[in-house]
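Naming follows writing order (A, B, C, D and E), and every chain is counted from residue 1.
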Amino acid sequence: MANNPDEFRCQISQQTPIPLQLDFSCQGGEILAIVGPSGGGKTSLLRMLAGLSQPQEGEISLGEEVWFDSEKHLCLSPQQRHIGYVPQHFGLFPRLTALENVLAGLDHLPKSQRREHGLTWLQRVGLGDYGHRLPRQLSGGQKQRVALARALSREPKVLLLDEPFSALDVQTRDGLYQHLIQLIDELAIPIILVTHDIQEAFLLADKMLLLHQGKMLQSGAPAEIWAKPVNELVARQMGHKNILPVECIGLTQSDAEFSLAGQTLRLPSATGIELGTQFGCIFNQASLRLMPLEVNQLGDTAEHWLWVRVIQVRVIAGAVRVELMLEQSECMLELILEPGLNLEFGLPGSRLLNIQPNQRRQLAVDPWRLILIPS
Amino acid sequence: MANNPDEFRCQISQQTPIPLQLDFSCQGGEILAIVGPSGGGKTSLLRMLAGLSQPQEGEISLGEEVWFDSEKHLCLSPQQRHIGYVPQHFGLFPRLTALENVLAGLDHLPKSQRREHGLTWLQRVGLGDYGHRLPRQLSGGQKQRVALARALSREPKVLLLDEPFSALDVQTRDGLYQHLIQLIDELAIPIILVTHDIQEAFLLADKMLLLHQGKMLQSGAPAEIWAKPVNELVARQMGHKNILPVECIGLTQSDAEFSLAGQTLRLPSATGIELGTQFGCIFNQASLRLMPLEVNQLGDTAEHWLWVRVIQVRVIAGAVRVELMLEQSECMLELILEPGLNLEFGLPGSRLLNIQPNQRRQLAVDPWRLILIPS
Amino acid sequence: NDKGPLIAAAANVKLVLDKIIADYHNDTGANVRVSYGSSGNFVAQIQQGAPYELILSADEFYVNKLAALGLIQGQGRIYAIGRLALVAPHHSPMSLDADLHGLKQLLATGGLTHFAIANPKHAPYGERAVEVLTASGNWPQIKHKLILGENVSQALQFALSGSTQGGIVALSLAQHAEFKEHGRYIALPETWHQPLKQRMALIKHASIQAKDFYEYLLLPSTQQTFTEFGFAAAVTGDN
Amino acid sequence: MDWQAFWLSIKLSSMTVVILIPLAMFAAKFFAYHDFKAKPWLEALVMVPLVLPPTVVGYYLLVGLGSQSLVGQWLATYLGTSLVFNFSGLVLASVLINIPFALQPIQRAFEAIPMDVRDAALCCGMSPWARLYKIELPMVWPGVLTAIVLCFSHVLGEFGVVLMLGGNIAGETKTLSIAIYDSVQAFDLAAAGSMSLFLLVFAVSVLALTSHLSRRMVAANGQ
Amino acid sequence: MDWQAFWLSIKLSSMTVVILIPLAMFAAKFFAYHDFKAKPWLEALVMVPLVLPPTVVGYYLLVGLGSQSLVGQWLATYLGTSLVFNFSGLVLASVLINIPFALQPIQRAFEAIPMDVRDAALCCGMSPWARLYKIELPMVWPGVLTAIVLCFSHVLGEFGVVLMLGGNIAGETKTLSIAIYDSVQAFDLAAAGSMSLFLLVFAVSVLALTSHLSRRMVAANGQ
């Protein structure tokens, strides 16, 4: 194996206690985000990477250093792997203060430097004044930050983060993102980040891996996965909302006609589309535009537009969230109306647009922006 | 006190062990979201509402029923309050199975109905097949859902939720939102929801309360708080990013001139603006539009536009995140470019727009959309 | 009550008494129950209303104490006279003689490290053992080598454990079959010490059956049994 | 083999455990969750039965409960009963001297229940009894098991207090451990040896079985 | 008051605790974290010293360690020493018979350390010693304290084994508890009473102080 000097490689498979089948790598200086539904096996995977449990088969290595090899019956202990690990439930040492918790990971530093280094990291996570507190005297988010400081401060060879920001507010979170990015600039180590927050993954991760029931459903750059999810589950995990079933009912050289709950849509044709095939169609925000109340503006031939009924309108951060139902069906669509995007450019707020529950509206669809996925 | 039949009122104050000063109410059928920075006192507050600790002074009541009254030395026990509580760290009973955990809260039901009711709720949170598992055999998100099922299933008089969705993926979360909304329709009880997710608060909450160091900084409808945050801390907690310091340097009847890092902005005048006053100015997404590369398009008089330099470009879910720096300053601005919003309507992706790091660009500002906050 | 009256008896008469009780049952068909223990404990227990009807003490002291407390009928009777024996485990370099010359010699050569007796503070046999050691002139040299048993039975266990070179215990125990496997013994003359008068007494509320057994113990045939087991006969006339 | 003594020992051990453990659980829970000035002193006082030689403890119990004592006289007058030289006295004594073995491990187990679980239990609306039975007992079970094992074994082996307070009456107060002691004293080493061996094999089997079953029980629902 | 006996008791108790507790910690940790077929049996075997009457245990120890025994002969030949009728023998015996009191509570405490804390400790790169000292010891401390308190008290009060193996030699093997026993047997109730009282007051004070200090210590850094 002629690996990159600090490429982290993992190729494991097992059937019990839970099935797992994975093969991925992460370069030094890269962040790999692992996402997937609750119970998918993310924590189980991280514990294996940390050396806290052993897969049945496979190999885990960092550069030239083999951490685990089922064939050679080789398995380095967590100590030997020198990792930084933030467990999902923090795993703080209950009888040590916050500072002592951080210092507990710094045994590799000369004694004289430990304290200062630990304090620096406590300050970075915003807990400079809480060094003397015991875990039970800290709030949930404060605990999580101590665990984070403990893992980041020890200059690990690989960083394993299990939903490390889940208990934190936006503001604190943003500050910590910066420290994480700074750390990766300094150390250029591989970072494996388990997260449920897609925004977070987009912001931080270079690569992303979708884990479901122990299987890798998809991996690649976050934007790629977002733009080309392999199936509906991936799409939903990536935050796509409006996934409706469509069926190809007509095919020309350039166009394909789809039926959607009784209405018809004309989309650009593409390879793989055959007459009668069923797809999931993602109507993402950028592809939809709610038309003003004056009906029939788009003409009566339904080609790039749909008839919908307004179900609910709710103002959310700087925008309006509208729930629509396709006419003559149960299909729901969610639309976040930001001024200028799905509406004509103007002032925000549903009042000004006069969107009211039960209205019948036309919804323009930009066919180029729709995403088709196998159903 | 002639209260609403199921109005939940809380008016408490204390200095130790941590300072808390709150006064709020929540109607039956309403969701009150409590947000605020980590360590702000949210969990401490919820424990008081549950009867697990006592504030030094104040009164807590539900309709006519007084739960706590420091003057009358009255304090109902948690049992007497009949609440549903999801603690931040779940507090599952480690020796009981998932189903038994749920059943533990159903002592008020006739014995024959308990099991069925418990199973129904386990199914609702997506754990129908996990009833026989012990907590230590569940993943983080599965544990959280058991805790949720335990609290929701017991038809409580008030529901106290401490970040009940923090360990869950988008998809699972969305499903649970529906169940929560359904529950509130059935029971019409007050629900207090602590959360760090502003989107969640917007989606679910009727009212919102911002807690910082034990004090209520602001309360009201989420959209109101978003649109008129009383200070920078609130603004940041609401997810506002681009908050820059401006100073009023000129004042006419209709307009006010502000200096921002050496550049000048002309905004509509308003009450409370005086010459020399300093403000924080929120440049939210809807107020900014990045102009195409051809410079000087807006003319040389800087009235409603700023000179910026592109620092970083990153593709995120269906959009592009651009980091900009105001010329001749350290002020950073973050811009989420969605097609048609901050850009001229067109295809997404930074490549197409040709946004590159280090470019000098013009940024158009819509003065009507800016938010000024006291600094 | 066919189980018979309850008797408290000093541990050092266990061997002989078990035999006598068997004989008694054969002779009369009657039963008695017996509880072995330390005489001192019995006094404390009888004071607190223990259901004993007869006490066979290891000496006179405790019976006299009970008499002073008015808990027994009269003064009781001496039922046996205890005798002492010098014992040594088989491997011991000590030669046994009734004059304790062997002991003296061993002490002189420093070959004696431990010597077992019962605790003289509360065990009569221990008290008499000290008298013997003093009278034979061995006391100053031996007093730091003493291992004290809780009672004379434990002293014998010490002596047999192999970790002592010998000890002074009750002849009745030293004669025991079990002992012969482990060591040798020689009876010590009764003149070396005050007589070990073992006194018994009927408790105040004692039943007819208890009194019957009390009488049985004083029969010549029974007294003969006592001598077979290493006691000197007690019933010679004086109370 | 003195079967009578053996069964008496088993009866005494079992009754002691059955009486002591529930009481200890309440006391342990109280000690675990309440704090007051005198607590360290009370906790230390509970250790007293361990600090004195058993025979001496037995002696003081005898004097304190015997027919000459106030307690003894009251018992005799009003209940027509007595606590010395009979089985109920032994049970009382065994319960008293085993308090430290029962209390300490259970108290530690209660103290170790995490705060959030206690909170959740309080908020579940169960009656205190249901809470104790359903939630707390399964959690403190390892501590309770330790207490049971220590008490059971200790009663089997205890003879000082039993001898003093009970008086070695066959069928009533003569336990197997007294029988073994007697045999050793009477140089019946063969009998002592066989009874000791039997007691050991019995006790070790019972304890191993208990620990095995309890492990399986706990494993069946978890740990 | 027999001061010599008192100091001997203190010395014996302290040495027993000092020797036994560290050993028990290793054994307890091993038992807590490993599972194997023979484990219930081993755990039960450890209880053996409790099941037999102390005097009988003492007798078997005396025979097993005495100068005629293999062990005794080996000790005498190669080390020129002996374990009967002297202080080191008492220490050995005390350590042996207190194993159940030391092992059980500490084992439970180790078992109660949550999985995620153990995981985190493993991932922190500390040496096993540092881990034991910094992380585990503070967490199992309540269990260790229970073990110390039980062992310390039990050694103070134990006299059966001590008497049998030690032989009641003043200044060498005559502990206070034997002295008290002797006084009671000799009907010197005044001496017995005053010594008992002194021992009780002393023990209760020491235990209360220990529990108080340890509470403060733990409170200073937490619980």
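Points worth noting:
Operating definition for what follows: a residue touches a chain if its C-beta (ideal position, glycine included) is under 8 Å from a C-beta of that chain, and two chains touch if they have at least 3 such contacts.
It should be emphasised that the depicted structure is a prediction, and the values quoted were computed from it without experimental measurement.
Touching subunit A and subunit C at once are the following chains: E.
Looking at B-D alongside C-E, one finds more C-beta pairs in contact between the chains of B-D. Among the remaining chains, the Cα-based centre furthest from that of subunit B is the centre of C. As a whole-number value, the distance joining the C-alpha centres of subunit C and subunit D reads 36 Å.
If each chain is reduced to the centroid of its CA atoms, subunit A and subunit E end up 56 Å from each other.
Centre-to-centre separation between subunit D and subunit E, using Cα means, comes to 20 Å. The residues of subunit D that reach two or more other chains are 55, 59, 184, listed in rising order.
Counting only residues that touch two or more partner chains, subunit B has 88-89, 136.
Touching two or more other chains at once are residues 41, 154, 157 of subunit C.
Remark: the chains found to touch one another pair up as A-B, A-E, B-D, C-D, C-E, D-E. The touching residues of subunit C, counted against subunit D in their complex, run 6, 8, 11, 14-15, 33, 35-37, 41, 44-45, 47-52, 151, 153-154, 156-157, 173, 176, 178-179. The touching residues of subunit D, counted against subunit E in their complex, run 39-41, 43-45, 47-57, 59-60, 100-101, 104-105, 108-109, 111-112, 142-143, 146, 149-150, 153-154, 156-160, 177-178, 180-181, 184, 192, 196, 199-200, 203-209, 211-212, 215. Residues 55, 59, 62-63, 65-69, 72, 82, 84-85, 163-164, 167-170, 174, 182, 184-189 of subunit D are the ones touching subunit C in the complex.
Note for the complex: subunit D touches subunit B at residues 114, 116-117, 119-127, 130, 134-135, 138-139, 141, 218, 221-223. Within the complex, the subunit A residues that touch subunit B are 35-40, 42-43, 88-89, 126, 138-142, 144-145, 162-163, 166-172, 174, 196, 198-199, 202-203, 222-223, 226-227, 233, 236-239, 284-286, 314-318, 321, 338-341, 347-348, 368.
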